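Heads up, there are several structures right after this.
Look at the two complexes coming up: chain A is in both, with chain B in one and chain C in the other.
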Partner chain A sequence: MPEGSILSDDFLRELINVGEVDILVGLPTYNDAKTVAQVVQAIRAGLLNYFPRQRAAIINVDGGSRDASQDLVRAASISDLQHLSNIHALRTLHCISTRYEGGPASGTALRTVLSAAELLRAKVCAVFSADSTNTEPEWINRLLSPVVMDNYDLITPTYRRNKFDGMLVQNLVYPMNRAVYSKRIREPYPTEFAFSGRLGSHFAAQDIWSQDVGKEGAGIYLTIAAITGNFRLGQSFIGTKARVDTGAADLVRAMRQTVGVLFWSLDPNFAVWSSNGASESVPTFGAESDLTLEPLRVNRKRLFQMFALGVAELEPVLKSILEPSTVEELQRAAAVGEESFRYSDELWVRTIYEFAASYHKQVMNRDHIVQALAPLYRGRAFTFLAENRDASAEEVETKVEGLCREFENRKPYLLGMWNERK
Partner chain B sequence: MVLPQDVLWYKDAVIYQVHVRTFYDSSGDGIGDFRGLAQKLDYLQDLGINAIWLMPFFPSPLRDDGYDIAEYRSVHPTYGTLDDFKTFLDAAHQRGIRVIIEMVLNHTSDQHPWFQESRSSRDNPRRDWYVWSDTDNRYRGTRIIFLDTELSNWAWDPVSKQYYWHRFFSHQPDLNYDNPVVREEMWSVMRFWLDMGVDGFRLDAVPYLVEREGTNCENLPETHSILKELRSKLDQTYPGKMLLAEANQWPADLRPYFGEGDEFHMAFHFPLMPRMFMGLKLEDRKPITEILQQTPEIPSACQWCLFLRNHDELTLEMVTDMERDYMYDEYARDKGMRLNLGIRRRLAPLLDNDRRRIELMNGMLMSLPGTPILYYGDEIGMGDNIYLGDRNGVRTPMQWNGGWNGGFSNADPESLYSPLMLNPVYGFQAVNVLSQKRFDHSLLSWMKRIIEIRKSTPVFGRGSIQFLYPANHRVLAYVREYGKDSILVVNNLSSSAQAVELDLRKYKGNILIEMFGRNIFPRIGELPYLLTMGPYQFYWFRLRKI
Partner chain C sequence: MWLAIFEQPAAGDLGSPGPLRQMIVDELTKTMHEILRSFARFLPRVAVMLVIVLVGWLIAFLLKSILRSLLRLARFDRLAENAGAAQVLKKLALPSATELLSRFVFWIAWLGFILVGVSVLEIVGLQEHIAGFFAFLPRIFAGMFLFFIGMLAASFFSRAALLAAVNADLPSPRLIGSTIRTVITILAACMAFEELGLAEHTVLVAFAIVFGSLMLGLALAFGLGGRDLARRFLERRFAHERKEEREDELSPL
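Showing the complex of A and B:
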């Protein structure tokens, strides 16, 4: 890799061959051979069906797969050398691949996609996740059409979810992002999204890429940058998303990539979020939310145990981060036992805002702050599960909306703490 | 000048397509004629073409621009006399220019005496010279070609009270080729012109000669038998004469028209032409290489005829619906530009009068495997007039100079067979031969140069082709080889500069000599050969091992 560049010479040579494009689809991979072929074929079919005349390319950015992920993407190319009798395409479609070192990093992958998009002068870009097992060609249409046809700058998806799926998003990322940045974007940290070349260039120019946020949390920061940059935002419903079950997710990593970035973003964007008003909805194509009610097995008991253990073991840390009254309330709550325990909306919002303020004031290592939030989130997740066990989709939606309002109503509390000396 | 005796002359030809009516009016009646055409042979010789394809010049009611022939052994009086034609023919031959004439085998005008006799009564001896029926339900599997004007391939004849068969306009009844007398008569017509000295025939609408129930009445074995019979007679009596097939078909369906080298010498490659325009607009070689990959091998004595534009619409019959929609949107947004399943426009307006694109398209025309045909006026970039009906917008008078009637005729402008092009971009005062002759860098001068270079080697007319498929899909590259000669052709289909790496290891050690400027490029080594190309630029390199 040439010094100071994230693009290898081989990849640059491939980009030269691709040339200027109208649409660029980025596809980060890491050992996704089981699913990536289906994903890339769905993307290709979507491009051929819905954008047959546009110049398009699919760019795979691989984090060092040891399987055939890269080859499977390359094989989807359409050219005069690869004869696919069932494919009718006006144009050549390049599917190219590049690899970066150091293991999977969503930010590095996104930055590579953005760099390629800028070099190829892509008018519209999209990013798809390679671990989905049900990617549909229609997703290309739903995500890209508003950008291609109606000049939107960012289209995030809305999904048909199980009511207990995406609890971190429902309990924290969506409500806090909405309260702080005043835009009701249901999936601020999407794995599939589309954006304009204009937004891509704006985002690529952000001074984040050498920092942790740029390496791991660029996904949500793209949404934040689009909001704070006054870009044109929209959402599009793409339906159910299924993915390969890879076992328990790494909660701390997920929190770093979402909450950590959200907290981090508050400093550079203080002028924006401190002065904006009530939240606004964004244009939505299709349903904004669609919850399903199938039973989902979650070990609630374990969640409560981890919460209680965290409150006890992290007491000194929590005392540095939270107000004394908040710590006391948490300790009281942890002591009542699983049956009676509830982590109320009001206490949860207060907890989050106090964490955000402490993150701002750097009361300790910022990563430790984010890590300390993990057990508390488990307590909140326990409560969400308990309260909504028998709830209808509408009732769950009402609860989430109530939490969002709590975040919005208590925003002055965050502002008040922001400049307060510790 | 004595014409070269090579029987494969058509492989090395550069053909100029012209309608006598459009070229030069020597009599002052507003219509071009053979004496006028003869006067302009020096111009054509100077241009460098070595064959002329004449559109129909026979007596005709001219309801289909002469493709409705009313007398096969004569010249339409407005174009002159048979003697005038003979004079023109001899003068062309003296300049080394061969003459190919149009022969419409499939049908006649309904004004032809044969049809007048045939329709006069059901028991007329010429009744079965045409295809008659009591019902219009026969041959229902046959498509209608002129969709914009015809509802059926049958037309009712109120005189003899039967339907007659016509694949084109209803005033063009099809001859009945199941009748041996008809076949013999048409061969007799061809002999008439061969005896006079013409060098070949462009046989119009050949797929449709024979009709059979339960088929689409196109490309039938019986049709091929008739054509083979004609070819056999031609070879026996007139060696060195050439037959060119007009059959708007897919390459695989066209292949049988070459037979085993015993049917047609040449055939138009219809599907390639729209794909050249498509590839240019898409900035992607895929449409071009794909159709050429689908093009079957043809016998060694046979040849494809390539063209960019002609007297008809830019036909989009041999493309998919998706491709046709794309072509319409990109090249014929104004619906007035569309006709039947095609686009009735000339080359220069199709390419937005962009000199670079015009040169690139002509460069491909001259370097892809086949014999190129230039449509009159395209060598100076003439425009079209879509407000004239049918395909008349691409058949306006040749623009010789900026003076009276563009130098085409001394007649009153109102009496010309067609209005002149007058607009400030394409009008005769802006685009004409005289003004372009004066400048070395005019389109006309450039066309002369490329024709000269094309003719400087037999490779383009006779050589094999090997595509290179560089990873940059905007670049179309191929090597033409014939004997010891090899020529590398590289075309940038893109509107922007491109870098391309070519795998030329097979030619390692050769140096490249650019054929227009004769400049030397670096020797080919082991590494991919890197070329940078300007927008729409093309190179022809002679490969030399020195």
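Showing the complex of A and C:
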């Protein structure tokens, strides 16, 4: 990968001054002033505490913040952690901040980190999210140790989550990724993860950076590239993930970054996923899943209304994407009313696979296909909320497992549709 | 003298025709010879014309077959479906877009050859019309191309608006989508007509009136007729939406 094309001259100069490192931690930011200082302190403490003998650097990659996030990173990086009694720095811990052009894009940020890692010949890299309110030094140890000590190539996190948090991951991204690529990775779209320099170089050489996938969906594609490239995978429990803005994120954007990339990845990796068998678990350090049950405020009525509106208004679009029988079933389901409405596992899996096949066949603009899935996801989310309102963590886990099996059992349906001419 | 000219031969004197009869016969013979000569001169041209028409049919047929195969390879029907043209054709009980375009090219090509054949006949006055037809052909294609691109753009933007409206929970998403489709289709039709040079000013003025009145109507409907709806919408959009989202503590990822 030509580093010069993405690294600015000033940044390059700063990197050259650092020399080679063993560990590189990337910290993408965009208007994260509320949390970034705390995250930097936690990363520094983690590196100094758990890897005091390793040469390390923190690279802040900013997407054009207007709230002085970069200044806060610089300030946090020069605060004197050595005064803390339990931390003894043996080496200089470098902290560099740079800004990339073109507005916030997780893929561009990751690419900058990868380029810096290649230049600094980093053996191990990690990426941390700057919007966490509770990043702890221990996270560094849990994510980096398996890569440093046990030669894993990719360590993704598992979190302690509310049973209704991350429903897109629980209902679509995890089960479909597991069914298609046959690896049980709970967080295929991680915001905190660690990887080897080997995987970093492999990923940096992928031909995705000029495409939308490379700009927005590089996170999940790193996981997919690690699976398809037969790299050594593992996952590590790091604790509760708490964000500043826990409110409804932009669903369509979230779907583009995850579902869109997952659908997109099926084309170049057809040979891999069409021939692999049942899913396998990956080595997990700590709990694979930890669900909490505290109540969340959710407007379920609005979810159902938006689902019903979507099914009614998008009828011509859905007819181009889905099989006629599936559209009819959805219309019937939307017509029964909020109380008795259920979006069954079987219908949901069929819907997703038909969307994936239509994405492959490009029956219309691919971004429109992903957008058209958003209202249907709301219907599924409504059902998930209704079915698990009083469920225990184990019951929720059993239901997610059942959905995963449905995805795996119906994989031949996806293959059949994939090869079918429209 | 006049009596001598019109004098009829006497009964039984059939072997000696009068001067008028002789003249008529001479003229008729001469005319017949000229007609025969002209026909003899014309016949090879007709034969050439027939050959050109036949060869033209063959070439047009080949063109049609090649184009049909190319369009099928390029999945032109899917493009037409995306553009919304396929639905229109279906409603009008017309064949698929690939078939229609192939047939159109066949007829244009064959018509071209027929006109070339006709021009070989050297019929006075027809040459100019034939030249005019060939000069008009590129404009027909440009007009068709413009309209097709317009249909594609209309389909893309109307669907984008529909999806955005549904996902933003805006009122009447289909109305928004179809309004955008109609406006872009009319714009494309105006551009196509302008390219063809047909009723340029009328079409442009009609478009300006339609577009202007549509915008005015929407503004009035939104601002006056739907005052309450507008207020509710704007309030929801800018005042309460944040609250509503905060109440929704769900994060999809």
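By definition in this document, the second predicted complex is superposed on the first by the 404 of 422 C-alpha atoms of A that agree within 3 Å, B and C clash if a C-alpha of one lies under 4 Å from a C-alpha of the other, contacts with A are read in each partner's own complex, and residues count from 1 in each chain.
FYI, a contact is a pair of C-beta atoms (placed from the backbone, for glycine too) under 8 Å apart; a residue touches a chain by one contact, two chains touch by 3 or more.
Please read all numbers here as calculations on a predicted model, not as lab measurements.
Residue contacts after overlaying the shared chain place A:307 against neither chain B nor chain C.
By the touch criterion stated above, A:20 is placed in contact with chain B alone, chain C being left untouched. When both complexes are overlaid on chain A, the residue A:195 reaches neither chain B nor chain C. Partner contacting the larger number of chain A residues, of chain B and chain C: C. In the superposition on chain A, A:368 makes contact with chain C only, not with chain B.
Within the superposed three-chain model, A:296 lies in touch with chain C and out of touch with chain B [touch as defined at top].
Overlap of the chain B and chain C contact sets on chain A: empty, with no shared residue.
Contact residues of chain B toward chain A in the complex are 278, 282-287, 289-290, 293, 320, 322-323, 326, 467, 469-474, 494, 496, 498-499, 501. The touching residues of chain A, counted against chain C in their complex, run 164-169, 189, 243, 246-249, 251-252, 254-255, 257-258, 296-299, 302, 305-306, 309-310, 313-314, 317, 320, 362-365, 368, 371-372, 374-375, 377, 381, 422. Chain contact summary for the complex, chain A toward chain B: residues 13-14, 16-17, 19-20, 52-53, 55, 78-81, 88-92, 94.
Within the complex, the chain C residues that touch chain A are 78, 81-82, 156, 159-160, 162-167, 169, 173-174, 244-253.
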